[in-house]
Amino acid sequence: MEELKNQSNGQKKNLVSLNEYETNWKKVVERKGIDLIDITTPPNANKEIAIQAAKNGKIVFCEKPLATSLKDAYEMLEAVEKYKVKHAIFFNYRKLLAIGLAKKLIDEGKIGEIYHMRAVYLQDWLVDPDFPLVWRLQRKIAGSGAHGDLNAHIIDMARYLVGEFDEGIVTKKTFIKKRHVLVEKDELETGLVYKEKSEKKGIVDVDDTTIFLTKFKNEALGSFEAKRFAPGRKNHQRFEINGSKGSIVFNLERVNELEYYSREDEKKGTSGFRKIIATDPDHPYAGNWWPAGHIIGYGESFVNMIADILNSIAKGDNPNPNFYDGVKCQEVIESVEKSIKEGRWVKVK
Amino acid sequence: MEELKNQSNGQKKNLVSLNEYETNWKKVVERKGIDLIDITTPPNANKEIAIQAAKNGKIVFCEKPLATSLKDAYEMLEAVEKYKVKHAIFFNYRKLLAIGLAKKLIDEGKIGEIYHMRAVYLQDWLVDPDFPLVWRLQRKIAGSGAHGDLNAHIIDMARYLVGEFDEGIVTKKTFIKKRHVLVEKDELETGLVYKEKSEKKGIVDVDDTTIFLTKFKNEALGSFEAKRFAPGRKNHQRFEINGSKGSIVFNLERVNELEYYSREDEKKGTSGFRKIIATDPDHPYAGNWWPAGHIIGYGESFVNMIADILNSIAKGDNPNPNFYDGVKCQEVIESVEKSIKEGRWVKVK
Amino acid sequence: MEELKNQSNGQKKNLVSLNEYETNWKKVVERKGIDLIDITTPPNANKEIAIQAAKNGKIVFCEKPLATSLKDAYEMLEAVEKYKVKHAIFFNYRKLLAIGLAKKLIDEGKIGEIYHMRAVYLQDWLVDPDFPLVWRLQRKIAGSGAHGDLNAHIIDMARYLVGEFDEGIVTKKTFIKKRHVLVEKDELETGLVYKEKSEKKGIVDVDDTTIFLTKFKNEALGSFEAKRFAPGRKNHQRFEINGSKGSIVFNLERVNELEYYSREDEKKGTSGFRKIIATDPDHPYAGNWWPAGHIIGYGESFVNMIADILNSIAKGDNPNPNFYDGVKCQEVIESVEKSIKEGRWVKVK
Amino acid sequence: MEELKNQSNGQKKNLVSLNEYETNWKKVVERKGIDLIDITTPPNANKEIAIQAAKNGKIVFCEKPLATSLKDAYEMLEAVEKYKVKHAIFFNYRKLLAIGLAKKLIDEGKIGEIYHMRAVYLQDWLVDPDFPLVWRLQRKIAGSGAHGDLNAHIIDMARYLVGEFDEGIVTKKTFIKKRHVLVEKDELETGLVYKEKSEKKGIVDVDDTTIFLTKFKNEALGSFEAKRFAPGRKNHQRFEINGSKGSIVFNLERVNELEYYSREDEKKGTSGFRKIIATDPDHPYAGNWWPAGHIIGYGESFVNMIADILNSIAKGDNPNPNFYDGVKCQEVIESVEKSIKEGRWVKVK
């Protein structure tokens, strides 16, 4: 098979062919003919790869969270700025159809001055006490529990839709503190290594739930809750924003719907939350997909994101969201953790 | 105890006292001092009482259905007209808050030309095959099954909101055709007679479900379904009306809510079904009850109805709905039954 | 008209007739022939009436909140205990059908160990900046804003369903700080005094919103929010309780429905939140009302409450909820206010 | 670029390369190296291509509807049987996650004996009277209107979940009978031909809505409605099935949810429609996609379908659904059309 780019661009050298692969990331970030590095490793590996990629002049994409500490996040942002490479972070929920519409309504002033955002991100996969001590439940590997995993998403959503955080106060809890340890077994026939639940129990040292109150810099209030212990809530990211002119409600389990209340309708006696199915051709992103009313799934948010990022790069702009957003999210995450330790309101940088 | 009216009106004769009662209806309809007769007997008793009450110059209220046959219904309407008495029929669902709002939106032209009404009235109390052969399942007593009982309500709703019926075609079915007969037992100690399920089974000769399609005189189409065999549907009267400018949806199990879709909203990209909680002070009837958002129950529809009827009478008008509406509903009921026999479309008078 | 009780009880003295009235409360609480005093005055009048009624041996009912301060509430509880009279407080939401079912499920262990309650009580009647400075927006009259008015309800609900509060941390906010002052006008023709909005603006010194996090004594976590600034939320008291075996959700705007998730259903692959319409004959209170599926309104919760209270008294028991519950609710209200001042977690007594 | 199969299979002849294309379908169906023909042409072209493909021994996939007449459909089924080629039809809605679960529940007997299916497929794109006379509104091109387009889907769903149709009776209507004709224009600069709305109006000779009642061979009843005139209903395929043991409800606009009511729950007082999010790993198809609660879109139903079809072929079985299902669907479509003409109940073959 010939080199891919050859077909479209002509005579470039060092192009990568479709059946080439490499398991040493250091060679990848140095490889000529590669323009863009997409980092999807566990968070603790992000920093080194990103900095090396930037040094080599590559465009850098990174999964969220940007890093496992604010300090690392700052270094990564510094690197992409120093080497003047474009960068992006995969807060893909920004690219859902209903969120695109929410952003549009807010930007057009339809919600007015924002008074409040209440957001939850609830899941239930930890409620079974026999669920074992996987890596996500160990601080040294995962960094944090529900907070870093789930709150990170709704913090980014809040920054996107409401604005920057000012200060916060928090509580967290680990409901089940000991779980069965996993031990490695070799499967002799296949040579594979897999993990098996043992009788021994180990400590869960991350949060099962983290809840915090916040004040935004624009004086709105917020409440945020991440939890992996809410039976029946499979992937329940739900938020409501109340403003001086209206309200909006979003629920990730009904991903194409946006509920919208406009105080304008009150004069006519017909006010009520509207269930907008955000798949009309003039809704954000929707025109690129199916006819109205055909549901766009979670996976398609990545496609929308890639399209946005590549369009930005094609125009010479830096994509959004990017490492800056990763840093700002991390600032909130860490301030909240400080508040847990100190039991009082803590300023976000 | 003194006579009630005495307190407010002064010197009237023949007034009825609060602790007076009478078990012979013939004496009641002749009793002086009574202005109004409210008939809540089983349907087969309605005609004679209503006609005698009218003859005696009483205002006549009647529960739905007006009669067990169209012929009887005509005679009743004739009587109240001949003796020039005011009359009303208790289609109380017209007086629910959400229905008041639906009527208002339609009258204001918000729905435009009506294209369709699809209505169901689903219950589930007959789905258990051990449920006995109560009187409602015997034609000679009940007249009809789900059709006369449940379709009557949505037929009246259709006449109120959409207009007169033109023709119809139908199917019906009795899913469980034999049920345990009830036999009377005397309870020796108390002297009470009660009924007990026996081993013997008898024939169910009314419909468990009746479904019909219709064309309205104004060219709208309709579909109507009454069923007592829909597990989980306790009192599920739900209808949707589609018109050239919008749609409305009502569900009796969420009795204060009206869903409303306006095509006007499409220009702004924010169209969607609005869930209007019809309890704002300016919604029909709502100002007489609690503050906005406090739910008004099924029972209160009777209160709204009585208020409307008494206000009409106070102004010297005949109340709405009245015997005429009872007759028109019966015309549809009987046309539908004719269509069952003939297996073809049948004109409604 | 004869005295009412005469009809049923025979020869009692000092009975009260139906057309007797009295505007001096002191005479009422001393009046022989009265067994029970129901206090529905503004909160600042409750204490004196309740204590005098108790002194005179009357049964005492009181609207919520019991008092405008915890100190007053203690004195009231002391009085009814000292004079050994029965007492009740009108937290009527406990008596809604869906709440009756929620309590039953929790008591039966269907929800398991409770991990979390998240509750909001949202309304929107203050979002209009031209809404005037009514008494509810002035601390000296109302005591507090959304907190005392709305949080009181969900605090009581939490005590009923989850248990006693342990500690809390809070934020509150007044979004619109100045509003038009009302001035009294005499209407010359009628002699009535009414209030009119003036150009002058005065200070709103109560909270428009109060949000707090809490830990319960049984280790569950809670979040509570009262707000009068949530467009579209008319009377939106909504809570979700997550436990080790399941979850429940209630919304006062759909007052007869309880959503229930049982982890039991997971084994069969059919788990999901069930929408239970709590009006079946065997649901709490429902058997006293209409057939299944006929909606019971907000108003009927008072009827259920009175029935419960009178049944308790008939059996010689003290009713529930009572002054003790009023005191416990007030303890939480005041602890939360203390936390506002101190900006840190505060223990509830 | 080398030929694709070459990479994996080695030395096969006549393979098709990725940059080969052909605009003459006759050459395609004869081309060696092609195993499978997927027909996505307008319905009137299906027959000839399918028969020629079968003659050439190709596997044949066909979009729905199989043909524009029952006669053509029979010929196509005959051809694939005669030439012993495998065949499939793209009723892709069978492959949605929630439908997979519905089928499973019915097959396991959870719904019991089926009493009723009520299905609607409502859209609103024709309600605007200025929408032009596109080909879908002309019988000679489209064959039929809402009926063939939308009812076809719910007829197939009914055959999949309930069983074969026995007889039907119907009504249909064209609400807006004349629309602006489109005329072709050449765009000089690009050479493209596009269509423009003219002042002239032409006749709409297909149905805007078709509604029919049916009896199934297993004695269940059904009601089916297709409509392009329901404001607010974008792609509202919704059906409810009631059986002796429970009910299910599906709505294509909430594509991953299945509502399920089990009479089993009634004993415990906790019966209610469960909203099952059919994305758990053990739900049909779900294990191949995202973690629980992540929404799978409409598009993914095609992927599920292809997987099922290829798995069938790999096992040597004929895929389901296939041309037989296309024929059976067409039988219902045409019987319904016969009933329109004759105004009476008509037997389905």
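Note that the chains are named A, B, C and D in the order they appear, and that numbering of residues resets to 1 at the start of each chain.
Rule of thumb we're sticking to: a contact is a pair of C-beta atoms (placed from the backbone, for glycine too) under 8 Å apart; a residue touches a chain by one contact, two chains touch by 3 or more.
Please read these numbers as outputs of a predicted model, since none were measured by experiment.
K.L.:
Spell out the chains that contact chain C while also contacting chain D.
P.N.:
Correct list: A, B.
K.L.:
Which chain has its C-alpha centre farthest away from the C-alpha centre of chain D?
P.N.:
C
K.L.:
Compare the contact pairs of C-D with each of A-C, B-C or A-B and report the one sharing over half of them by residue number.
P.N.:
Of the listed pairs A-C, B-C or A-B, the one copying the C-D interface is A-B.
K.L.:
Report which interface contains more C-beta contacts, comparing B-D against A-D.
P.N.:
Between the chain pairs B-D and A-D, B-D carries more contacts.
K.L.:
Could you classify the chain A-chain C contact as same or different, where same means more than half of all interface residue numbers appear on both copies?
P.N.:
Chain A vs chain C: same; shared/all numbers exceeds half.
K.L.:
When the C-alpha atoms of chain A and chain D are each averaged to a single point, how far apart are the two points in Å?
P.N.:
36
K.L.:
Quick one: chain B and chain D, Cα centre-to-centre, how many Å?
P.N.:
Their C-alpha centroids are separated by 40 Å.
K.L.:
Listing for chain D: what residues touch at least two other chains?
P.N.:
Only 233, 271-273, 277, 280 qualify.
K.L.:
Under the touch definition given earlier, write down the residues of chain D that touch chain B in their complex.
P.N.:
Of all residues in chain D, those touching chain B are 115-116, 118, 120, 122, 127, 129, 169-171, 173, 175, 209, 211-213, 215, 219, 221, 223, 225, 227, 229-233, 240, 242-247, 261, 263, 271-273, 343-345.
K.L.:
Of all residues in chain D, which touch chain C in the complex?
P.N.:
Residue list for chain D touching chain C: 101, 104-105, 110, 258-260, 262, 265-266, 269-277, 280, 282-283.
K.L.:
Would you mind writing out the residues of chain D in touch with chain A in their complex?
P.N.:
By the definition above, chain D touches chain A via 1-2, 7, 123, 125, 233-236, 252-256, 277, 279-280, 289-300.
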